[in-house]
Amino acid sequence: MATLTLSRARTIIRKTLEAGRERDLQPLAVVVLDAGGHVVAFERSDGASAGRFAIAHGKAYGAVMMGLPGSDLQARAAANPAFMGALNGAFGGAIVPVPGGILVRDARGRLLGAVGVTGDTSDNDAQAGQAGIEAARLVAEI
Amino acid sequence: MATLTLSRARTIIRKTLEAGRERDLQPLAVVVLDAGGHVVAFERSDGASAGRFAIAHGKAYGAVMMGLPGSDLQARAAANPAFMGALNGAFGGAIVPVPGGILVRDARGRLLGAVGVTGDTSDNDAQAGQAGIEAARLVAEI
Amino acid sequence: MATLTLSRARTIIRKTLEAGRERDLQPLAVVVLDAGGHVVAFERSDGASAGRFAIAHGKAYGAVMMGLPGSDLQARAAANPAFMGALNGAFGGAIVPVPGGILVRDARGRLLGAVGVTGDTSDNDAQAGQAGIEAARLVAEI
Amino acid sequence: MATLTLSRARTIIRKTLEAGRERDLQPLAVVVLDAGGHVVAFERSDGASAGRFAIAHGKAYGAVMMGLPGSDLQARAAANPAFMGALNGAFGGAIVPVPGGILVRDARGRLLGAVGVTGDTSDNDAQAGQAGIEAARLVAEI
């Protein structure tokens, strides 16, 4: 499988935070996970609330574990709340099924990992993350 | 109790994966548990997402612990969500009550264990698992 | 990163079980994890005790999370039991630090994942796993 | 309370990783927590093993929760293992009481947070972290 290097993860985070400032979003926090769901890098903007790591992580972790972006997980949770509750039991409560959990692929479609963005509305989080991923010349599935 | 040998478990898994490919399903993962809920064998197809073991296990584990297939567990969860939530408390969050958790019986109706299938829609998962169990000349209760 | 396909995982498991039988070992169980610590395949021989999945998994999981084979983890646990206890807290109790947790690399040294073997003595487990990995033309770090 | 800004956290991480490379250490991972124990930033070097976030976090979290650096926590664990075990019960297993968990203070002695470093020996981890903290013109208590 292709790799999500620390250098690429840094670019994604910086460009996502930059996109948030350009759009006047609330202070964001951004995590980058590899394809195995392990943290490569994380940054929390000054002014973002204390618990942002867990939320960013939960968005990205759900995406990479299920192979589905946050928007799809949110739709599944709405259609079948008990299923999402049970999934979270199986994964120790670590999944946050809302937009802002974004799959990251290379140009050939290979899964590199996932990005989790939190701080503003879920949709704004997702769009800032997409901008960050594309600035790193990678493909975002939001 | 009658036994679910490794040889039979291998047949079930191979035939379930084969049924998935024949029906053009998404890449599947399949677990076989014995009548005590302990893992006998598991395989995750290339391309299935990272978290598939926990989901396959949760489907099969719920079935064998409750003596009910995933479709019945799903109906109970819909009728009484608090009951399923409490059950998952008692079982450490390990039950995923949806189709794709399948009881396995021998020709005389004795419970041998359960199969958990995940990767496509829950109903498609269940049908692929049924095909795999029947190819092993055992009886599937989906 | 390079990949540990299901096909390769099957070969490792079969050859490990074969090596166990040739050496008259107790019935073995073998798990193969990818580089992210997620289960690719598992088989438990008939006659192996019910809890073998958790043990095989714990050996392989510790190896891949720490980047160290089971023999090194055992040495660290002996030198500093409190450290290993604390590590297990951080990893939810999922690490079993003894031989039989084996890193799997390709010919160029890239980490593909880990194998966990259990059923006989830890050293016999490790040697059977090494034979299985080498039969798949991969490199074992025991 | 004085604050550990993202800008300062980035400097600490970069300078710690730089110190590791200058000393030919194994690839490091570094986390920065604020005075409340919440993650501000984290980076895992390419080549560091998958589980490094949990270890780095456990070192820093123990330091900031107890107000003691990792070397003191290690000494307490050696003197009274049952106490450290009980602490980890109270903190959900999240404390890793070894060197590499470092308190960060400003020039007036106010606690800003903690840094956790992992990847090489615990003592080397601690020295690299100290170099990183001092490069950010802050005071390290290792």
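For reference, chains read A, B, C and D in written order, and residue numbers begin at 1 within each chain.
Convention: a residue touches a chain if its C-beta (ideal position, glycine included) is under 8 Å from a C-beta of that chain, and two chains touch if they have at least 3 such contacts.
Keep in mind that this is a model prediction, so the values were computed, not measured.
Interface subunit A/subunit B: under half of the residue numbers present appear on both copies, so the contact uses mostly different residues. Note on subunit C versus subunit D: their Cα superposition corresponds to a rotation of 85 degrees, in steps of 5. One finds 30 Å separating the Cα centroids of subunit A and subunit B. Subunit B and subunit D, compared by their mean Cα positions, are separated by 43 Å. Spacing of subunit A relative to subunit D, judged by their CA centroids, is 25 angstrom. Residue positions of subunit A with contacts to 2 or more other chains are 3, 34-38, 92.
Contacts between chains form some other arrangement here, matching none of path, ring, star or all-to-all.
You'll find the chains touch as A-B, A-C, A-D, B-C, C-D. Here subunit A touches subunit B in the complex through residues 35-37, 64-68, 80-83, 85-93, going by the rule given at the top. Interface of subunit B with subunit C (complex): residues 3, 5-7, 9-10, 34, 36, 38-46, 50-53. Across the complex, subunit A is touched by residues 48-51, 54-55, 57-58, 74, 77-78, 81, 84-85, 88, 92-98 of subunit B. Against subunit A, the residues of subunit C that register as touching in their complex are 1-3, 34-38, 92.
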